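Below, chain A partners chain B and then partners chain C, in two separate complexes.
Then we have the complex of A and B:
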């Protein structure tokens, strides 16, 4: 009975909160706006706390890996060392993340490494273009032609090959591609509406499980 | 045709002995119908005359005694209300109403009517019984129920006229449909006039004498009532109750066709000894019963246990005393057992063992557990409705079938199982490297060399790529530039860095182009980010003195909704840790912002801006996105929800061309565009090569 009451209370809070936020989209009321603003502030704080919890989880996971001498535990050791170093650098300066030391680590370690890793995808794309982009049917042939047009239409070289390739690329992106993407977006929107209604009506209660 | 009960051979009508095995036909072992008294072949299950079940087989042995039905065997199904014969007790008792006797007689079977007649009932009930006989009863049978007025001393019921004539003229004059027992009935009982009828089974006799409470449990209620004394209504206007008659008188009652179960005697056929084959089979049956009993002693009684008489249940232990009537069948007292007689017990051959129902349990083998009763549902209280697998006692034939079926597959299965068990465990399995075909082993190097050439050639030989200096026209970028150009001096522009460092090399360039275009226009920049790394990326852009880096806004779409609700309070401190003064910024809400620009690497971020902010304000939103997500973001531009769109590096150049058509392109920009052109061309070349290899292999059998 106690559990049932707790769940019912949680569902009631969820429904009430959702309706209050939703009502602000349809009703211009200062009181509703303030209530919504307060609730959104709480949500932002919780999101920030979730980020902190994520960092703590990373620390706990890699500590466990180091204690158990699991494969690759040395990398975990370096990760924790780097994390601790950046945290110490940030707390050691009143400007926090805007301190020169943290900015240096960010600009000359974090950004280049991430950009480099992302650049490696160019090789994977090139290899995949050879292995996977095969014409096995009419559909795949149409997709291949569209892909080649968009690839070459993005760059000046394409215009040198065919002066109307940029227009063809814009047509592909404006009509066929937009039609497909819009269908996906509409589907996502309908799913969001349905999920919201199910949560607001108490049918789905993922937050009380 | 007369079928031999011993060997089943068909014999001609009128045969007295089987022409195959010599078995006496027609008068030997007979099954007497407990309802109509008709004699049936011993193998009959249902009566030929009335269809009643002949379950309690009554045989006539060599001594001429009638063998009562085995105690506990299934009795006839309790008839329905319309079909149920009136219990004897009720008949013996007074009618509910004075006029109810006749109506009550309607339910009395004919054999009971004849019983009344033989017992000398008053003329009125007899007449009523006779009058109330069903119409389908033939006249001769109707007459059979009439009182033997003319021959009161005759112990048997008077024979009809045709039977009397038959008795005088011979059996060949009898109607063909007359059963044998009626033929005998028509004949004068000269052979055994003093032959007392077989007494009723002990349990029924005792029940008749002692009341219903002494009846055996397996007797159905309607039969229990039959023997119950009418204590409340002693004034009996009709036939006296059986319990009032002493057993001796009942035994001396004339044969009227009353079923033997009720103590009456059916028409006596010629007494014949038990069939020889049946006597021989007796010990065999006993042996099988012992084995079955031995098996049952270890476990609970099976479902059919209530139908097994007590004496039969304890037969194996030797504590039971065989009824006298079963002496000839199961061995008379004093008769030596087969072993005592020097006979060797025959072993059942294996092929016959297969046919035995049920498997003989080995010694010490645990008996199957009793079926638990269902505790819920519609089967609550029912036991054994859904049998447990361990309780199933498969017959030996099933074992034989299993063995024969497994004979062909077991070796293969065993070998497979052995191989599976011999495999190393998952922990010891090392993933094998994927073997790349020889002709494709140089592919990674080819891709690497092509991309390397795409980067180095523009640097080493600028202007080599055709069309390298041409910038493609892009209307979304032109619209973006138009939004910037329309900004008034001092207008507030909210610029959100919503991309990761991974795509910074792609987005930094168009972002710089836009920022460089904003600075000279005197726009006040409010820089923020929905990603934790965004402020750091913004900080390295050289935003200038007119820009305020507000920092990171957590909560993703919730944060944007919060920002759309009220700018005040969304940022308490800026990226530098200073207090944010909305008044000094001149922004209380997003309505005070002239333009919103988001540089995003994810289509979700653009969607959040459009949904959460664009729906709340009329502030135009422009987006700078990577080329990979342009197709996903394009619909927002096509619908007008995005006022402008810049995509990737090429989009940045297109923006510059739209914002400053006369601005010259630097050598660095030229090299970047040529490198990108060659890189795209390399990918196209690899696609074409791959398809050539694929189709060459298909068309020329792999020679490619």
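Then we have the complex of A and C:
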């Protein structure tokens, strides 16, 4: 009975909050605007709390890995040491995340590591493209032809082979490619609206236990 | 067309507000009507989507081998525009967690956005608690890898390479970092089911996934896997609205051309 009441209350709060925000989209009202702003502020505070919970989850996961001497536990040790160091650097300076030490770690450790991992995509694109362009069906044949035209249309060699290849490339990108992408975007937009409405109407309750 | 825009401007209504109002006025009655028809016994045949059909096989293989299923909810959260995609991933996760717990397949769920973590943990716990012999089966594990998209991709790559995963299911918001994870899955010979909505990521999904949920298919999870009248009605409304939009576009083209 207690659980049922709690569930109904959570659904009622969701519906009420959703309707308030939706009303603010249609009606210009100072009171509604302020309510929406307060709700957005609350959402930001909750997101910050979630970040803290997330950090605790990361610490718990890696401590478990170290304690169990699971494969790769040494990396977990490095992760926790790095996490602790950055937190200490942040707290040791009144400027917090804007402190020179934290900025240094961000600029000279985080950014290069991120760039290094992201640089792998160049090689991964090559192997993924090879697989995607293998002619196994009519679809992949069409994709191969379109891909070759677009690739050759961007380099001087393509112009040397066929002087109208740049125009063909532009046509592919402007018409079939854009049409396909817009079709997907429209479908996703409709799906998003219906998902939102299902939550608003209490049909989907991902937040209710 | 210009007349309608002028009329809207004079009444203080923006085009976005008018469009949303029209959509809502269309959606709500249609949703109620279709749900009532389905409750009255009307039967709807849904076209088969191979990605949904494949899930059962993958979970079964995981139960047989004892190797875990990895499920990624993407890099989106629930307080930004990626909410709908994250909720679609969460709906699929609910099904996967229930099935995995029912047949004793280990499940590892990873998220990148901390706002999604409590929901993922709650969903996995719910699936575990509903199992009749819950203490004999492993509770699905939901964990945060990293709030940064690239770092998250690196963490997932490590799981796919090092944890002998039986299947990789990824549904949610993904950016270009998807390729790092998808391609690692291919190289580790892990069967993959992937759902994404971003048109720029879909070519990568096509190249790396065994089965793909493309765009709006992601939002059909409820209708296919938890077939309640309201979910199937919602899918029908989506189809009808699509037809309405196509006809509106065609009418617009005709009016402009004539």
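Worth a mention:
What we mean here is this: the second predicted complex is superposed on the first by the 177 of 209 C-alpha atoms of A that agree within 3 Å, B and C clash if a C-alpha of one lies under 4 Å from a C-alpha of the other, contacts with A are read in each partner's own complex, and residues count from 1 in each chain.
FYI, a contact is a pair of C-beta atoms (placed from the backbone, for glycine too) under 8 Å apart; a residue touches a chain by one contact, two chains touch by 3 or more.
On a predicted model such as this, the values are computed, not experimentally measured, just so you know.
Of the two partner chains placed around the shared chain by superposition, neither chain B nor chain C is touched by A:84.
Using the contact criterion defined above for the overlaid structures, shared-chain residue A:185 touches chain B and also reaches chain C. In the overlay built on the shared chain, the residue A:196 is in contact with chain C alone; chain B does not reach it. When the two structures are aligned on the shared chain, A:26 is found in touch with chain C, with no touch to chain B. Using the contact criterion defined above for the overlaid structures, shared-chain residue A:206 touches chain C, although it does not reach chain B. Of the two partner chains placed by superposition, chain B and chain C are both touched by A:43.
In the superposition on chain A, A:51 makes contact with both chain B and chain C. Contact with neither chain B nor chain C is seen for A:100 once the two complexes are overlaid on the shared chain. When the shared chain is aligned, chain B comes close enough to touch A:155, but chain C does not. Applying the stated touch rule to the two superposed structures, the overlap between the chain B and chain C interfaces on chain A comprises residues 25, 43-44, 47, 51, 114, 117-118, 125, 127, 129, 131-132, 181, 184-185. Listing the residues of chain A that touch chain C in their complex gives 25-26, 28, 43-44, 46-47, 50-51, 53-55, 57-58, 61, 71-72, 114, 117-118, 120-121, 124-125, 127-129, 131-132, 180-181, 184-188, 190-199, 201, 203-204, 206-207, 209.
Across the interface of their complex, chain A is touched by residues 440, 443-444, 446-448, 450-451, 465-475, 500-505, 532-533, 535-537, 539-540, 553-556, 558-559, 561-562, 565-566, 569, 575-577, 607, 615, 627, 630-632, 634-635, 638, 648, 650, 673-674, 676-684, 686-687, 689-691, 693-695 of chain B. Within the complex formed with chain A, the chain C residues making contact are 12, 17, 20-21, 23-24, 27-28, 31, 77, 79, 83-85, 87-88, 90-91, 94, 114-115, 117-119, 122-123, 126, 143-148, 150-151, 153-154, 158, 162, 176-177, 179-180, 182-183, 186, 197, 199, 202-204, 206-208, 214-216, 218-220, 222, 228, 230-231, 234, 237-238, 241-242, 245. Across the complex, chain B is touched by residues 24-25, 33, 36-37, 40-41, 43-45, 47-48, 51, 94-98, 103, 106-107, 110-111, 114-115, 117-119, 122-123, 125-127, 129-135, 144, 147-148, 151-161, 166, 170, 173-174, 177-178, 181-182, 184-185 of chain A.
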